[in-house]
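Just so it is clear, A, B, C, D and E label the chains in written order, and each chain counts residues from 1 on its own.
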Amino acid sequence: MPNAPQTDEGWYVLHDFRSIDWDAWRDAPERERQLAVDEGVTYLEDHEAVADADEGASAVFSVLGHKADLLVVHFRPTLDALSTAERRFEQTALAAVTEQPTSYVSVTEVSGYVSDDWFEGNKDDIDTGLRRYIEGKLKPDIPDDEYVSFYPMSKRRGEQDNWYDLSFEERAELMSGHGEVGKEYAGKIKQVIASSVGFDDHEWGVTLFSDDPAHIKDIVYEMRFDEASSRYGEFGDFYVGRRFPPSDLGAYLDG
Amino acid sequence: MPNAPQTDEGWYVLHDFRSIDWDAWRDAPERERQLAVDEGVTYLEDHEAVADADEGASAVFSVLGHKADLLVVHFRPTLDALSTAERRFEQTALAAVTEQPTSYVSVTEVSGYVSDDWFEGNKDDIDTGLRRYIEGKLKPDIPDDEYVSFYPMSKRRGEQDNWYDLSFEERAELMSGHGEVGKEYAGKIKQVIASSVGFDDHEWGVTLFSDDPAHIKDIVYEMRFDEASSRYGEFGDFYVGRRFPPSDLGAYLDG
Amino acid sequence: MPNAPQTDEGWYVLHDFRSIDWDAWRDAPERERQLAVDEGVTYLEDHEAVADADEGASAVFSVLGHKADLLVVHFRPTLDALSTAERRFEQTALAAVTEQPTSYVSVTEVSGYVSDDWFEGNKDDIDTGLRRYIEGKLKPDIPDDEYVSFYPMSKRRGEQDNWYDLSFEERAELMSGHGEVGKEYAGKIKQVIASSVGFDDHEWGVTLFSDDPAHIKDIVYEMRFDEASSRYGEFGDFYVGRRFPPSDLGAYLDG
Amino acid sequence: MPNAPQTDEGWYVLHDFRSIDWDAWRDAPERERQLAVDEGVTYLEDHEAVADADEGASAVFSVLGHKADLLVVHFRPTLDALSTAERRFEQTALAAVTEQPTSYVSVTEVSGYVSDDWFEGNKDDIDTGLRRYIEGKLKPDIPDDEYVSFYPMSKRRGEQDNWYDLSFEERAELMSGHGEVGKEYAGKIKQVIASSVGFDDHEWGVTLFSDDPAHIKDIVYEMRFDEASSRYGEFGDFYVGRRFPPSDLGAYLDG
Amino acid sequence: MPNAPQTDEGWYVLHDFRSIDWDAWRDAPERERQLAVDEGVTYLEDHEAVADADEGASAVFSVLGHKADLLVVHFRPTLDALSTAERRFEQTALAAVTEQPTSYVSVTEVSGYVSDDWFEGNKDDIDTGLRRYIEGKLKPDIPDDEYVSFYPMSKRRGEQDNWYDLSFEERAELMSGHGEVGKEYAGKIKQVIASSVGFDDHEWGVTLFSDDPAHIKDIVYEMRFDEASSRYGEFGDFYVGRRFPPSDLGAYLDG
C-alpha cells in the first residue's frame, strides 16, 4: 500500500453560499429591508472581527451568476464554531431574504509533499521563514478587496490514471512540479488549500485570491497542463466573485 | 462465479437527515417554537431510550453545511420499527419546521471476510472476545458527544477494476489490508458498516465516530491509498456533524 | 448483428411512487384528513379488486426514507388502463396530501433466454407446468404482507463489456447462470421482471418480494457476483418497503 | 477529418411536455376548470389545424408517469413559429394548471446516409417514390390515435468507440444495417428523426408511433443489438403516451 | 509539462438566462404588466446603449423550450460591471415575473493557437487586418435580428484522449484544422469564444450567431467530425433563440 503523506491541520473552513431571494427583497417594506441590512452588516462585521472565537477570519464576497449571490467564508479553530456561525446567520433578518444553495466544509492542511522538514524534525528547530509559510497556510489571512475563485477538487482514481496507486515519491514529484507553476504567480495569486476528506463531497476545496480575475484564469489554465492536474485532477463547480466590506451590503442589495 | 461472502445481519438502520426551514422557524410565534422544541425533545428522548422497541439505539447530530441541519440515526431490529420512527417524527410540531432532504436505509452486517470462525463453527463455541466484537458490530452503541461522518459507498464494477470479478481469496486479502489501517485507529475511531444492497442506492453506509474530526479526515484519507479503496471504492456524498443531547435542541435552534 | 431474444409480453406495469406532504397532512382539519383516508382506501380497494379492468392486480406498499412514502403498483392489460389508474388517483382527496416524486412504466416479459420451448413449438402443446410458470411471469400475483424492493436496471454497453455485442449463446449462458442463483431462493423470493425498453429510462424494472428483507439483500448481493450482473448489470435507485392492506392507510398516516 | 454527411432540413420541431398541477386543478372552481378546458381545446384544435402558419402539424398526447402528463408536438417551417406556439400556450387558462417540466427542440433531417441520389443529382430528376419518401421524412404526418415514444440520443464519442472517428463509408454501412431493422417494422412503426445539434442537449430526437406499444418496445430492443446502437448509441430519457383528440381534454383531466 | 498557449483577454461576459414566471405574468393586473414591460424595456435599452460603462455590448434574445425564455448577454470591461448589470435587473418590475434558471461567466480570449504574430512581435507593428480581426474577437459586436446558439464546452482529459497531455504543436495543428472548418462558414456564422477557466463549470462558452438556424446546426455537426471535437470536445447544454429589439418585449410577453 502506497504511503499517505503526513498532514497537519489548521483552521476549519466553511464556505457558506447564499442566494438573495430578490422577490422577497423587492416586496419587503423599507423598514424590513433596513433591518435586513443592519443585522446583516452587524453579523458580518462581528464575524470579520472574530468576535465569536479566540482566533480565525471571515469575509463576505459578491458572487456572479445564478449559483449564488453571496459567499461568506469562515475560518475557525473548531467545527463547532463553524456550526454556530452558520446558525447565527439564520437568526438575522438578512436570512429572511436569502437561501443557502450550496456550501463547503473543509480544514486547512499542510502535507509532507510541501515540506519534509516540518514533519521530520523538532518543530522548535524549524527555520522562521518556513514556520511563517506553514502558519500562513494553516491560519490564512483573507486579502481585502480582491477577486475570489472557489472550486472543490479530487484526485482521480481512474482505471489507468489512479493517483492513489502512485508511490509517495511519484506523487511528491508531481506535487513539486505543480508547486513550480504556483511560484510563477507569487504576488499575483494567494491560494488556500483545505482538505474535505470525510467532510464533504470532493477531497479538497481550493480558494484563490487576486486583484485581477485574469490572473485567476491564467493560473488555473496553466496548471491544467501540469500532469498533477491534466491526468489526476477532477474538478467540481467553479464560483467567482469579489470581496466587499460589510458596510457595502446595502449598496450591493440596492443594485 | 466468484463466491459471495457469508453474512450475518443485525439491526436495521435509518439515517434520517432533516433540514431546518429557517424561514418557518423565524416566523413562528414563540408558542409554536416552544411546542416544536418540546415535542422534538420528547421524540428524541423517547427514541434514544428505545421506548418503541425491545432493543436498538438512536441519536441526534447537528450537521454542517447546506445538505442538512440534523441527522437522526435509528438502529432497530426490524424495518417496520424504522418506518414507524420515521413517520412518528412527522407527527411532531418539530416536523413543521423541518424538511427531509435525504436519508439512508441499511442493515448492520458482519461478513466472512471479517471472521471465518463466526460462520464456520458452532456459534456456541465461539470465543467470548470474538462474540463481543461481532455483537458490537451487529448491535452498535452510539458514542456520546462525538463527531460523526456518514457516507455511502459501493465496490467498483469497472471494465478493468471489477471487485465482483475477483476471487473470494483476493477480496479477503484486500479486506484484511483495509482492516489493518482501521486497527491503527483503534481508540480514536469507531465505525459502523451497514449493507444497503437491495435497500438503497449504494451498497454500504459507513458511519464514523470520533472525538476529533481530524481523526475522521485522517482515516478516510489513509484508507484511500489502500487498494480496496483506491482501485475498488466508489463514494457518495459525505456528511459531517456532532452528537448533542436532545435537551440541547432548543439551544441549537436558537443559534 | 447478434440476435435479439424472442419475447412475449403480459401485463403493463406502473410503479406509482407517492410522497406524503406531511405539512399539508398536519395542517388539514380532521374532516379533510378523514376524507383523504376514506377516498384513499376506496381507491386502493377498488384497484386491488381490479374493478376498473378485466384482469390485473394492484397493491400498496409503505416505502422507507426520503425518496417516497407510498408505492402503488398496478398491473393491467393495457397502457391505457394504467393511465386511467394514475389519473384517477389525482381525483381523490388523498392526492391533495401527496406528491409523485417518481414512477416507472414497464411491461412483464418472458424471453427466449428463459424457455426455447415456449417460443419454438405450438403453444397448445406446451407442458402445463411450463405454461403456469410462464403465465405466472406474465400475469403475476402480488404476495400479501411482504417486503418489496424495486429497482430499474440496464445491461451495460461499455467499450469493453458490452452485453449487446455478445452472441445469443453467450447471453443465454450468462442468463442461465443468473437463473441458477435465483433458484436457490425459491420459496424465499418472488421476482417480477418487466421490460421498459422504449417506455422508461432503464431497460428493465425488477420487483422483489419476500417475507424477510434480509433475503432481498442476500439475493441481490449474491447475484452481484454473477457475471451477468458483475460485468453487465447497471442499476438505478433502490426502493424498499412493505405491503399493507388499504384499510391500514389511516393508521399509516397517523404514524 | 472524416466527412460529415450531407443533410437537408425540413420542419422545425418542438416537443413541449406539460405536467398537470393536480392540486391547482382540484382546487379550481368549476368555472375556471371549464375555462381551462375550453381554452385548451381551442389552442390544441387551432394548432392541429395549423391556423398559425402556412404548413406544419401539431398533436397532443397523454404521457404516463411522473415525468409529464401531456406532450404537445409542433412541426413548423421556422423556429419563430415554434416560439410563438410555445408562448401562445402560456396565454391560455389551461396553462394556469400546468407546468413545463421538459421540452426538446430539433429539425427534421434527411442525410446522405439515407439517399445518395437525393443529394447528388438534380432534384427535379428524382424518382417520385423517393421524393415522397424524403418529403414524408422532412414534413411528417402525425398518425391518429396511436401510441408514441420519444427519446433523445447522441452518437458515442468514447475513447475506443467513437462514431465521429469512423469514415463516412463505415458510418454509412452501419446506418444501412440499422435501416434494415427498421424495414422489418414497416407498417407497424412510423418514426420521425430530427437533428438537435446546436439546438438541444443530445444530437437527435426520435419519435416513434405505433398502434401497439409492444411494437415500440420490440423495435427499440432489437435495434439495441445493432452495432450502430450497441456500440455507438447513447440514449436520454424515454417518454411513452398516446395521442388523443383535443376534444377529449376535459375527459382526460377528469380522470 | 506541455506549454499552455499565451492568451490575451478582452471583455468579460455574462450570459444571463431568465425564465418567465407565466403564472405571475397571467395573474398580474394590467398596471403591473405595463410596469414590468416599461422597466424591462428601459433596462434593456440602457444596457444595449452601454449607458453603464465606457464600452461593451448587450443584447436580449428569446430562447426556445423549458430551459429559459430570455437570454440577456452582457459584454463589459470588468467583472464588476457584469455584477452590477445582473443586480440592476433584479431592481426592475420585470424581475418580479422572471427567475434565473442558469447563467454563464467568461472572458473573451485570443490565444497563441490563433496567431503567433500577435503574441510574439511588437503589437504596434501588427498588420491592421490582423489587429481588427483580434479586436473583433476581444470586443465583439452582437449582430441584429439573428439566431443564437450558446453552449459551454471543455477539452477532454480522458485516460486515453487527453488534450492537456498533447504538445503545443499537436494542439496548434488540431486547432488549425478546426479553424479551417470555421472558415467555410465565413459570412454565415459569427462566433464568440470566451474562456471560463476558474470562473464557471466548463472551460469555454461558445456563442454562435446566424441568420439561418440550419447554418448553426451544420457548423456544429461538421465540426463534430473534426478531431479537436470528436476526440477532445466535451459539451454542456445547448440553448437556441433569436435576438429581438427591446421594444418588442411587450409583444414577446403577450405571446
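The criterion applied here is as follows: contacts are C-beta pairs under 8 Å (C-beta built on N, C-alpha and C of every residue); 3 or more make two chains touch, one makes a residue touch a chain.
Worth saying up front: this structure is predicted, and the values here are computed from it rather than measured.
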Chains contacting each of subunit B and subunit E, listed by label: A
Rotation, 0 to 180 degrees and nearest 5, that superposes subunit A on copy subunit D via CA atoms: 145
Euclidean distance of C-alpha centroids - subunit A vs subunit B, Å: 29
For subunit B paired with subunit D, centre-to-centre distance based on mean C-alpha positions, whole Å: 46
Multi-chain contact sites of subunit E, meaning residues that touch two or more partners: 159-160
Successive chains along the ring, subunit A then subunit B then the rest: A, B, C, D, E
Contact footprint of subunit E on subunit D as seen in their complex: 1-4, 7, 9, 12, 14, 17, 79-80, 82-84, 86-88, 90-91, 95-96, 100-105, 107, 157, 159-160, 162, 164-165, 195-201
Subunit B-facing residues of subunit C, complex: 20, 22-23, 25-26, 62, 64-67, 147, 149, 151, 158-161, 177, 181, 208, 213-214, 216-222, 224-227, 229-231, 233, 237-238, 240-242, 252, 254-255
